[in-house]
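See below for the structure under consideration.
Read from first to last, the chains carry the letters A, B, C, D, E and F; within each, the first residue is number 1.
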Amino acid sequence: MFYHAQKLINPIVADEPDPSAANALQEGLGGQFGEMRTMMQYLFQSFNFRGDGKAYHDLIQGIAIEEISHVELISKTISRLLDGAPEYHGKKFDVPGKGGAATMEMAKEQQNPHHFIVGAQGALPVDAAGNPWCGSYVHCNGNLILDLLDNLVLESTGRLQKCRIYQMSKNKTLRATVAFLIARDEAHEMAFAKALETLGVDWAKILPIPKFDSSKYPEVKKLIDAGINREQYHFRLDGSQMAAIFSGPAPANDGTELITLAEPKQSYPDPGAPERPEEFAPGLDPELQALADALVEVKVKIQKSAKESKE
Amino acid sequence: MFYHAQKLINPIVADEPDPSAANALQEGLGGQFGEMRTMMQYLFQSFNFRGDGKAYHDLIQGIAIEEISHVELISKTISRLLDGAPEYHGKKFDVPGKGGAATMEMAKEQQNPHHFIVGAQGALPVDAAGNPWCGSYVHCNGNLILDLLDNLVLESTGRLQKCRIYQMSKNKTLRATVAFLIARDEAHEMAFAKALETLGVDWAKILPIPKFDSSKYPEVKKLIDAGINREQYHFRLDGSQMAAIFSGPAPANDGTELITLAEPKQSYPDPGAPERPEEFAPGLDPELQALADALVEVKVKIQKSAKESKE
Amino acid sequence: MFYHAQKLINPIVADEPDPSAANALQEGLGGQFGEMRTMMQYLFQSFNFRGDGKAYHDLIQGIAIEEISHVELISKTISRLLDGAPEYHGKKFDVPGKGGAATMEMAKEQQNPHHFIVGAQGALPVDAAGNPWCGSYVHCNGNLILDLLDNLVLESTGRLQKCRIYQMSKNKTLRATVAFLIARDEAHEMAFAKALETLGVDWAKILPIPKFDSSKYPEVKKLIDAGINREQYHFRLDGSQMAAIFSGPAPANDGTELITLAEPKQSYPDPGAPERPEEFAPGLDPELQALADALVEVKVKIQKSAKESKE
Amino acid sequence: MFYHAQKLINPIVADEPDPSAANALQEGLGGQFGEMRTMMQYLFQSFNFRGDGKAYHDLIQGIAIEEISHVELISKTISRLLDGAPEYHGKKFDVPGKGGAATMEMAKEQQNPHHFIVGAQGALPVDAAGNPWCGSYVHCNGNLILDLLDNLVLESTGRLQKCRIYQMSKNKTLRATVAFLIARDEAHEMAFAKALETLGVDWAKILPIPKFDSSKYPEVKKLIDAGINREQYHFRLDGSQMAAIFSGPAPANDGTELITLAEPKQSYPDPGAPERPEEFAPGLDPELQALADALVEVKVKIQKSAKESKE
Amino acid sequence: MFYHAQKLINPIVADEPDPSAANALQEGLGGQFGEMRTMMQYLFQSFNFRGDGKAYHDLIQGIAIEEISHVELISKTISRLLDGAPEYHGKKFDVPGKGGAATMEMAKEQQNPHHFIVGAQGALPVDAAGNPWCGSYVHCNGNLILDLLDNLVLESTGRLQKCRIYQMSKNKTLRATVAFLIARDEAHEMAFAKALETLGVDWAKILPIPKFDSSKYPEVKKLIDAGINREQYHFRLDGSQMAAIFSGPAPANDGTELITLAEPKQSYPDPGAPERPEEFAPGLDPELQALADALVEVKVKIQKSAKESKE
Amino acid sequence: MFYHAQKLINPIVADEPDPSAANALQEGLGGQFGEMRTMMQYLFQSFNFRGDGKAYHDLIQGIAIEEISHVELISKTISRLLDGAPEYHGKKFDVPGKGGAATMEMAKEQQNPHHFIVGAQGALPVDAAGNPWCGSYVHCNGNLILDLLDNLVLESTGRLQKCRIYQMSKNKTLRATVAFLIARDEAHEMAFAKALETLGVDWAKILPIPKFDSSKYPEVKKLIDAGINREQYHFRLDGSQMAAIFSGPAPANDGTELITLAEPKQSYPDPGAPERPEEFAPGLDPELQALADALVEVKVKIQKSAKESKE
């Protein structure tokens, strides 16, 4: 059973909107190696888990739960990058629809016209080329060694693509989220590689993949300095055996140590998103808005007084 | 940010395996109107939510979180129905692979050969016709009224299809889960219909869809008697404004009342799943199994002693 | 602009339901070479037609219009074959859901579980393997010679597949519709081959494809004897230049002549379809049914009296 | 059985070509909520209709027939917007291929390279992101209330997306067609909402969706003033019971009345499309063109004399 | 540049036709981890190869070339299993179409109706659930370590699925081909694992995946005894540096040695396939057959005499 | 069984990188009528060939083998056009990633962001609109006449699209490869048309399709002058009966003759591709590179000495 708290796993850093950056980031959300895939793959692997390898189960499941929060983070980052997109790059676009102005130029800047026509300047379950996410991306073989190896490939490819996306844009909103995901993908690489280490594999010096010093990206460096790339969280309200695997020397064989925590040391406020009249979002006219407000208000009052009378 | 506890939202009721029932149930998991769709649709709607209609946001998000637990429940039900499938229907199939016996007959009984070849007798992210789940199923328009109406259609179609699936099989494992989902889909219909009621709509007598007395299904009756079809849970660790909408008379206009709770009154143990050697799942040979066991044991000891020495 | 009359282009012949036959026939409806493809391909070719080759345009468009009626005919044939499917083959299935009986066996006989769960025992826009119809099936190249040749291949493949489907089943409902489509596909082969003949091509003896005497199928023979395989209809309320091409010796070079008509000499009543309570179709409960009946009745009365008072 | 007349349901208004506008409009043709979907969804619902609710059947079917004419209109609008695209925006592109000039810049302006490479500057069965239309878009549940509600959502989403597309471009060719579709989608919203009203639902003030005064778009205003958004046509050559539902007060509850007509009061000429040599469309070389002309001419003469000799 | 010789890499062993076995084997051809994927993935990786790691390039490319021959072998095996399918299992089906008999029962035994309707009882580019092969299966990341690891996962999953398919059927035609592929997948696992070993990785005892003694399958044992699972062929007419990697101790760490050869020691005749009149395959009627025979004969004679006169 | 030699069927001509040209060329590789389709369609047709029409089989198969080399050629052309893409058009982009510079502008110039994020500036198995290649493109009907006609349409459409692509760009790298494919597609049109000619068809003057003088493209003229458009190669190491069909007057009826050869008269060196650090391709860091180099060196030495000691 799953639970939620309205806070984010990493902050949304403010910068100008940038619809092209948003579109590139869609690969990290709805791409074949994006967060929707990791989330669904690990959820299916944990739901279908066979045998009594509890520690392995808890490791896979813990990462699965984290990935839901990654889908949350990256969705909100994309929405933020798209939001107010018309003002992108030195206000080159006017307020969209102002005085009946056409928004095509803005929409073209968005690359995927669905961001304007379908998604109301919000994240979509598609990749950077506009292909919808597909169930066949999920690999769940039932064979533990193979699933671990497949997961290692998945995290490595995710990290490789995010390193490429990082280089594509200097937008701070994009880079903050991507840097966080690069650091976390590295932690997940460590997790699955460590699980295979328990079965005897020695990874020598090939990890992490891609093999390069990601601390040359300043946003990543800050996270590495804080140890984010060697921690794993289990997000379990009833405990976890994850630490039986995720502890001790990192399989990167670089002298670092793995640390299991219940959840990240910090969490961040959800910034919310403004109305966008040019998208009819949320699109209540004054009459309906008043109605909604009133009804909610009344009910809240009734509930309060009911509650008070009970007390 | 999301959390988890290793318990189920409804019990997995024991009965014989039944691979055809499992395949029909795939529609409820990976079909166009199945739980993966509801989960992703409501998650995207809550992540992309615009404006300050907090109560509406919390309603959509609360149901989104529940749907992850539905994906968990239905996945585990499918796996259970597939598991040991060879012994299906009066043991007509022998233990699969025993003495090198061929398992084709069993596999054919499974309808979708992927359940044996790809999924290791576990749930797959596909529908009952074998089509993989697709991102284009997710509707997230940004327009509040339209999203609520779309959600009402989604829940109604889900409930309609589950009522049909209920009738397809007498297997108790299938019926227990399907009955629960019928009752919960009805609650979700109430939720979205109620939200539209706050904007003035009067549903008269058309709800729930399909319009019939589902209490004629005994498994559903028990749940209705317990009030399951008029409750909604928010699953939020930090509170929710869901109750501002989900309270008062049900929009079915049948004299019932809606009740918001933090989480279901009861939860149920996860039964786990046995190894299946004919699927090489999990597929550790004795040597690797020993290695894994030993390493984990040692690490647990070390951790314990490290912990003790700290204390 | 399009118009309609509630009659069929060929009769639905009565026989027992047969869900497997229905599923095979789906290939002729939603398959890569089925009627949805021909309909959309020729519609797009006529909508995008360039230049002043009016006769060629009218030929393509006339066949396009006929294909909509083929989609109508084949859909209704599939629904008829599925309808009451439980009584298939010597009543081996009981009335579905009677006394709460499970319908799985019936559903399994249907091959594609979507026919029961999704389609309410009606036709679906999918092929015989359950794949949804896809826009990429439509070929519209703009180059006249190529489009005509592509259409000839399309009709030939359609006819080939229908000849195979004919042999799969002895069910009279299936065979009547398939025989009609075999004869019509042959007429369409003649149409596109004749259009290429006007540009100089001589087809010698290779037509129709597949090359065999389809009059050995008795249902086809009757249609050929009536000349159905050498007629083409333009279905235009405002005239057509189709006859400039579709006339004279058939390109099968077998001594037959092509004849253009405004529409088929005969048309047939639409048999309608009964309610199916086990599918909740149409699913109005007594209260709603009464309401609907009453409202409609009242309105009809009001309209009548309003009309009378006007006169 | 279907018929056709070579005239359009709304005029194609002249303006400069605009390939980006054409691409945005593809969403209205081949998108998940575009005209191909409405056409196929309502056709399937009418072909698979169960029970004796004749008025409901005729309502759904009447709109289905209209949608074929919408596919015709929007296809021809897209072709017009693409046609001569190189001269787009102040002749910034030269005649394509003139003197062997490369057309890449023009093709890039088209967003979807298929418009140049595959579609010969004509409409394609794809959406604005280039995804081909998919059969799974069609919802046909068999349950009348659910189908009506699904159709209401479909029309509302279609109208929402068209309102967004309207704002994207000032091109008159685009705006004339989109304005017409906005008005017609509103009529269709009324139709399905009214059908649900006969079953007791009261829509209060939430219709139409999106809820805003579309008469602020001048092209829409003209159509509303002419009553286009409250009329429905049945296009039936043999009468229809549609008016039993589509009459009386509009469910927008704004004092307007619904009116059923056999067909629109006006229709418009089809402008045709010129040859495009750079696309080899239609691509007959002088020799073949002569051949074609001659053969057709001869045949027309023969037919005439044959006809005369008969008379 | 590629070349071909008309011989097979493994013999097609004779047994009764078995359409269900053929369908299961489709997973090995057109499935996500089947031979079409391996062929295309390695071809793309070798075509896009960057840098001067010639030995790595030649290793990947050599396996790519072999995979084309695997696609050839498995296609011909599927065709053989389907061919004459009506006589499957003790002749329970009559000669198809004999005396106009319906072939539905046979077609149903085939699971995927496309084998009869579309493929003329031949192999199709689809998986065992009927999904067409998809370009997104191909992973080509450009990063050498990642590509090697991805390839190892691909071969391991392929081998796992083939081990499952082996167990599904006792048909000798199926088992001979599957056993060969199990042995070859193991060789390919060795190849990619060995390439990673050159970069320092030690695989301990986890290889091959799945980890079990496949020599308990007698058909596999014979191949292992012949050393098939430790050989790799480069199929290059101009030499290869493959042996720089594929030599020395196998990464299974079981004392075996890797051996590079130019091509397999043995090759096998292609059995060909008979005509199937019920499929209209090849479908020349006597007149056309005579024509074809005559024309070819004449031309062969002319060529001969021309050749002789030259000599 | 297949073989390979590391040389190309046409030279890669040097010019500036041009990512838009590369994207257009993707249609020729992974499009519905591109080289992956022709390769797989003819391979399947030859693998599933029925009956004893050996000459027809060898014709289809010979072209199939050539198509693999076309996939090789076009992949390498695309990679070359993408490679170093930042320096495209007068060096307008700086070295990507230099000093941490963002590469978004370059990536945007690439149209399909997957070329940068997923494909490491290499060819992808997708079309120009980014849709992945699909198994349903492959037509293999078993009926010889139909397959030949389908192949003729396929080659004609391929040639049409390549003529359009030729006009899109003046880049010499693109034009050299496209010109070669235009000439070869014409040869393949001749091949399939000639095969139908043996069955009596007379093509008059409609070939090749599109019907125009392609020698007005200078790059094509040079190839035509060399006779490339009337030759066909069988690429068989063990002989072929292809010449029985592919000889004598060309079905274009223009006085030219068809000539069968074992392989092209010339072949060309493979230029290779440089490392791209901004893509982490191949991405070995200095330590791993040294390791790899050393290991390979040592092994080569050992092999040499082992070989010498054997001699």
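Following the convention adopted for this analysis, contacts are C-beta pairs under 8 Å (C-beta built on N, C-alpha and C of every residue); 3 or more make two chains touch, one makes a residue touch a chain.
Molecules present, by chain and UniProt name: A, B, C, D, E, F = Manganese catalase family protein.
Treat the numbers as computed from the prediction; the structure is a model and nothing was measured.
Undergrad: For chain C and chain D, what is the smallest step count along a path of chains that touch one another?
TA: 1
Undergrad: From the centre of chain E, which chain's CA centre is farthest?
TA: Of all the other chains, the one whose centre lies farthest from chain E is D.
Undergrad: Of the pairs given as C-E, A-B or B-E, which one copies C-D, with over half of its contacts the same by residue number?
TA: A-B
Undergrad: Would the interface of chain A with chain D count as same or different, where same needs over half of all numbers used to appear in both copies?
TA: Under half of the interface numbering overlaps between copies: different.
Undergrad: Between chain C and chain F, what is the separation of their C-alpha centroids in Å?
TA: 40
Undergrad: Would you kindly tell me how far, in whole Å, the mean C-alpha position of chain F lies from that of chain E?
TA: 23
Undergrad: Can you check how far apart chain A and chain C are, centre to centre, with Cα atoms defining each centre and the answer in Å?
TA: Distance between chain centres: 48 Å.
Undergrad: Where in chain C do residues touch two or more of the other chains?
TA: Each of 32, 118, 126, 130-132, 134, 136, 141, 143, 145-146, 160, 199-200, 205-206, 210-211, 279-280, 283-284, 288, 291 in chain C touches at least two other chains.
Undergrad: Touching pairs of chains, all of them, please.
TA: A-B, A-D, A-E, A-F, B-C, B-D, B-E, C-D, C-E, C-F, D-F, E-F
Undergrad: Going by the contact rule at the top, pick out the chain F residues touching chain C in the complex.
TA: Within the complex, chain F contacts chain C at residues 32, 131, 134, 136, 139, 141, 143, 145-146, 149-150, 152-153, 156-157, 160, 196, 199-206, 209-211.
Undergrad: Over in the complex, which chain E residues touch chain F? Could you list them?
TA: That would be residues 1-9, 30, 36, 40, 43-44, 47-53, 55-56, 61, 65, 68-69, 71-72, 75-76, 79, 118-126, 132-136, 138, 140-146, 198-200, 235-238, 243-245, 247-248, 263-264, 267, 272-276, 279-284, 288, 291-292, 295-296, 299-300, 303 of chain E.
Undergrad: What does chain E use to touch chain B in their complex?
TA: 20-21, 23-24, 27, 31-32, 111, 127-131, 160-161, 163-165, 167-170, 205-206, 210-212
Undergrad: Could you please specify the touching residues of chain D with respect to chain F in the complex?
TA: Touch residues, chain D against chain F: 96-97, 100, 102-104, 107-108, 112-114, 116-118, 126, 130-132, 278-280, 283-285, 287-288, 291.
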